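In the part that follows, the structures are each spelled out as structure tokens.
Same chain, two partners: chain A is paired with chain B first, then with chain C.
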Partner chain A sequence: MNIQIRPILIALRRHKAGTALIALQIALTLAIVCNALFIIHQRLANLSQASGVDEANVFVISNQWANADESTSQVDAQVRADLLALRQLPGVLDAAPASGYPLQGGGWDNLVTMTLDQVKPTTDAAVYLGDEHFINALGLKLVAGRNFRPDEVSVVGTQQNITPATVIVSKALADRLFPDGKALGKSFYAMGTTPSTIIGIIDPLHRQGVDLSSNRYAGQSLIWPLRSADVRGIHYIVRAKPGQLAAAMREAPKALLAQSRMRIIDPKDGIQDYAAIRQKVFETDRGMAVLMAIICVVLLAVTAAGIVGLTSFWVGQRRKQIGVRRALGARQRDILSYFLTENLLITGGGVLLGLLLAICMNLWLMLRFASQPMPMAYLIVGVLLLLVLGQGAVLAPALKASRVPPVEATRSV
Partner chain B sequence: MFAYYFELALRSLKRSRGLTLLMVLAIGFGVAASMTTYSVFRAVSGDPIPWKSSKLFVPQIDMWGPKARDPNGDPPDAMDYTDAMALMRAHRARYQSAMYQISPSVVPANASKHPINVSGHAVFSEFFPMVDVPFKYGAGWTADDDTQRSAVAVISSKLNDKLFGGQNSVGRTLDIEGKDYRVVGVTDHWNPQPRFFDVVNTGGFTDGAEDVFLPFNRAIDVGMPNNGNTNCNEVPKESGFVGLQHSSCVWMAYMVQLDDAAAVQAYREYLDGYARDQQKAGRFGWAPNNRLRDVPAWLDAEHVVPSDTKVSLLVALGLLVVCLVNTAGLLLAKFLRRSSEIGVRRALGAQRSAIYAQFLTEAGIVGLAGGVLGLLLTGVGVASVGWVMPKDIASLARLDVSLLAITLLVAVVATMLAGLYPTFRASRVQPAWQLKSN
Partner chain C sequence: MLKMTHLSKVYRTEVVETYALRDFNIDVKEGEFVAVTGPSGSGKTTFLTIAGLLETFTGGQYHLDGIEVSQLDDNARSKIRNEKIGFIFQAFNLIPDLNVFDNVEVPLRYRGMKAPERKERIMGALERVGLASRAKHYPAELSGGQQQRVAIARALAGSPRLLLADEPTGNLDTQMARGVMELLEEIHREGATIVMVTHDPELAARAQRNVHIIDGQVVDLAEDPRFHAHVVEARQGQGRS
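Now for the complex of A and B:
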């Protein structure tokens, strides 16, 4: 099929403004859609970050103490009694004390150095405190080394500073500190005056936070063998037996209150399963993805409708000329391809401008909002999307044009 | 004359219903998306204390030195105990208060009830007049209470409802962490957003309440621990809350009121003098690098407006621009289709201004219709923005008269702007050419 581009260009010259407006609209749409798709993909990628936790069976109890003037040993006695009670529940597989938990939304992190007198820290690690049950209670996967022994676990009071001699680290942290893969048995400093020796490696173990600064040190965390006896409160991590999560979540607070009533477990979010924790921590990401998706859909719909509207109008305007062409021997598909090609040219022009705008917009977002550079793939997807959208939108009016009978040539306007 | 143009416009719009509907929908969606995101942006970028924000300042002292400065060279955004107490003792501002976040438990008098956890701040007496805390009953405590470390408390009306059934509880006692406190004041629905006096610990916006205020010195005495953030550049040498007070860790907010430029200048000089003294004493090994920002500058420096909110607004505005370009294209097509009609009118003596009036009226009507649709959609948008934005921020977005007015105005003005070029083209139609070709 021989497509005549020259006549199309000559015809478009008579609609300079209309053509330019449609092309501009396509360019802006492409720029916004590319960047929005990029934002959506980044946010969705966040949503699926692995925590390392056995999320189907684990829940967290946030327990605050009602009497703040108890001594460390009194609090620890209560913590140990609580844990014993929790572990004895029929639906519970294991329970552990914790100062924080993965995907909590924010928490404790320490700078890491290889030597004591190092000025610039090597990296940063999220800090978890737990006992010998911690790994099993969260359902974490130990890929090398061993778990803590009960005799390695010590008690830590309110804002007390203890640097244990042993530490279990996430594989991400181990690889960052010891790229040769031989982290086991090596030691490092995490803002303490004594080093901690790596005895075990977990993979993966998410940090508490999901924000930008956490993502810079993604997956880098450490566990210290410390049982928190903070007068302000403690988290209990409880792992239910498979299928018994709901029952365990009902029974656990009763068991704790039977131990002592001088505690506060928030009725709203004092007990959360991992579905709720994940939901909450990624709320912003999910919301942003949904918002960008809505805007993309509206944007594409408006642009498609605009193409349909304007092309329909042009077809109506050129009925007589189409009739003349048909009378002179043009086939229906020649007319059809005329309009499809015309749209391809306009969209093509718009897309070229749009690519430039999309890159500018991304650069500007990087400058102002610390966004990431957008990979080429988004531009390619955006361009294809708009070319298909343009052809799809122009199809109906173009088909209508192709059905204009040759007899139209003989009619006056 | 306007009535005539109005009628003409309606007729013309009716003639091509599909095209008209398309334009109205585009304007409606574009305006609604922009206005919904704008309502959130407006809510989070507003001034929480407009009558006073230029007199309230947050001092920052460089107690950590060059190594710990942020990329802009700013010192830590919170205060350590040593420097906060030195500033309090010097008492150089009209009002000043160091403060830290607390989260004590309150034990109800009724033994059958569970203890409840409340959140609030330990502050000095000058905090209340400084940030204009409204009181329902009573007032803040006095400077004497600060020095005598009195067991007094200011509670929120919400906590008052819960504990005292909403009655005037001034003079009654309250069990906080097992100790009795006398209520001296009940605040009246006070929930400033953002929490300008303690941005560091709240992140700006919070759905948490300020249920209880206790005298700072008293809270320190009873060892009520800090419930907010603690940042350290080195591990404290001693353990516990007392160890934290002796450390260089930063965990406190600080605010001062300075009434005029001279006072601001004097306070700046005082801060620099203080830092120099510390340098001389050997505590700081670097030249003074202090900051003193008023509330708007402070909120800006702390980035309290989330970047997501800004990006959403920008993308939504982009959508509006596309909708307008779309409308401009459609109006152009629509207007030029009527070239012969314009030719006849011009030939019969209509001036260009008459053509302008006619077609801009038409564009205005499309804008108005789009605006009305936009209003409805904005209503839906503001009501459901909690689905896509964090709850503590989304709940601040309000649909009020000014937002409604802006929505309509934006719709009409923007559509008329979009109609400007098509109208210009319509007014340029050559009457002779049109008449001849017919």
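Now for the complex of A and C:
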């Protein structure tokens, strides 16, 4: 193979417009594809985030009360009766009341400070209210300390503000607040005037939300021993025995309605298993990943088409020249290598510019949308992708060029 | 140097076979300057393209510098074109994107020659045709005669065993044509073997030997009745005009 870089560069200098346009197209494609791949990867990583929940066996009942005039004690009595009924179902392992649940899509979170007079919060934590069954009902893993005792669980009424003395936190929150790893027994404030002392550590426990602000405080959650008696409604976390999820989901609403019909459980999404919860909460991420993937494919296809088009045009335009080269001793593979090298040089130029654009675009996304810095691997993948795409796109017209017979040199234009 | 024996070239379509060359015999000795003449469509260019290994032939034998070329693959044919043959085309066929130096360099690069040797040969060839000072010029900046001189320099740079010229002065005015022809004669005097296709009897007369082709065959002008028929046709044509 006879690589002729200098003559190719000289020839390209005389076709500046076409060369510059393709190089620019490659640069823009690289910049967009690198950033899009990074976003896709982030979104896909979101989809597989561990919630800490025993997702195969847990479902959530969103229960709204029909009677808004009931007192806190009346609501709590109903809640306790409901929980008893649910726990007595043959397919149910455990059930707990909850203000919200992991991957719910949005929910309660509090700023956390280490002292009462601290102005700038240390961090932020998702807040879950639950009783002594909460950990078991979700199937969470207690990695240190202990669960709540029944006597530590208080009842909290509608818009009532109670800060319990004890708290169970996720390991992510514990590590954030106490990097030395000695969080048990330590206290912090979560927008209350009294401190909560850490009695247990769960790992992991996902926040309710999956948006950017949640990602910034990924996995930082706390559970307060409070049983909600909010007149508006409550979530029941129900953990079925292995293999009995479907049956439990069928029986649970019947059991609740047998207790009282003064409730509303939405027939559409009032009872959801974790597959449905995960599907719903990551719909935007999935959609964004698909959209980005489509944009990448379209851009790559357009770039490839541009390369094929320009090279085909050049091959047609230089047919006689190719014949002359063949007549002067070029082998078919010399002509093939000429066009492959020419493309490599154009793509190489585009890629260098594209790297700069990709980094600038990432910096802009970081400033504008609090995106993370793009790892070098995406740039490397993008560069390789564009180089392979360029060589792949140019192959067909280059092969066509290599098949131009030497006798073409003697034909008049 | 160049010997074709009973060579034929047939162009086939679904319904018809056309013989461009039929029972074609020619023997060009080393150091000869042969002019190949004949009317349009007689097969001159087909002969030249086969002689230059630009095309394959259908039957017969062709020995070039002692090598039987009919069984050679494309790579081997390219190598022979590159090392043994220098082409001079009617339309010069310089590459417009490359300057004079780079144009002359093209066949040397395909030979895999090192840069210092390439440079020495290129400048030698350009000096030989009197265009060393125009090395950085592009073809569009040169006259037709100068472009053909560059093409000759390109053909000479590789020190070929055989120079094939296809109507080398066909696109030039009389003065430029004379200059190019004198250059070819000079190259021949230095020992080059030249086969030149031309329809110009004046140019042909300046060659050492003339070979005339009619209907794809080499003919003896004095004896072949087809030659007389062509002459009559030509005269009638002139009369009509």
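One rule holds for everything that comes next: the second predicted complex is superposed on the first by the 411 of 413 C-alpha atoms of A that agree within 3 Å, B and C clash if a C-alpha of one lies under 4 Å from a C-alpha of the other, contacts with A are read in each partner's own complex, and residues count from 1 in each chain.
Please note the rule applied: a contact is a pair of C-beta atoms (placed from the backbone, for glycine too) under 8 Å apart; a residue touches a chain by one contact, two chains touch by 3 or more.
Since this is a predicted model, take the numbers as computed values, not measurements.
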Contacts of A:P195 with chain B and chain C, given as first, second, both or neither: neither
Examine A:I39 and indicate which partner it touches, taking first as chain B and second as chain C; both and neither are also allowed. first
Examine A:P121 and indicate which partner it touches, taking first as chain B and second as chain C; both and neither are also allowed. neither
Tell me which partner A:A330 touches in the superposition: chain B (first), chain C (second), both or neither. second
Partner chain in contact with A:V298 - chain B first, chain C second, else both or neither: first
Of the partners chain B and chain C, which touch A:M262 in the superposed model: first, second, both, neither? first
Partner chain in contact with A:G105 - chain B first, chain C second, else both or neither: neither
Please determine whether it is chain B or chain C that touches the greater number of chain A residues. B
Set intersection of chain A contacts, chain C complex versus chain B complex: 413
Going by the contact rule set out above, which residues of chain A touch chain C in the complex? 2, 4, 7, 10-11, 14-15, 320-321, 324-332, 334, 405-407, 409-410, 412-413
The residues of chain B that touch chain A in their complex are 18-19, 22, 25-26, 29-30, 33, 37, 67, 103-105, 107, 114-117, 177-178, 222-225, 227, 230, 232, 234-236, 239-241, 243-244, 306-308, 310-312, 315-316, 318-319, 321-323, 325-326, 328-330, 332-334, 337, 387-391, 421, 425, 438
Touching chain A in the complex, chain C uses residues 45, 48-49, 52-55, 74-75, 78-79, 81-83, 87, 89, 91, 93, 95-99, 102, 105-107, 109-112, 154, 158, 166
For a test of understanding, state which residues of chain A touch chain B in their complex under the given definition. 17-18, 21-22, 24-25, 28-29, 31-32, 35-36, 39, 64-69, 119, 157-161, 191-193, 231-232, 261-264, 266, 283-284, 287-288, 290-292, 294-295, 298-299, 302-303, 305-306, 309-310, 312-314, 316-317, 365, 368-370, 413
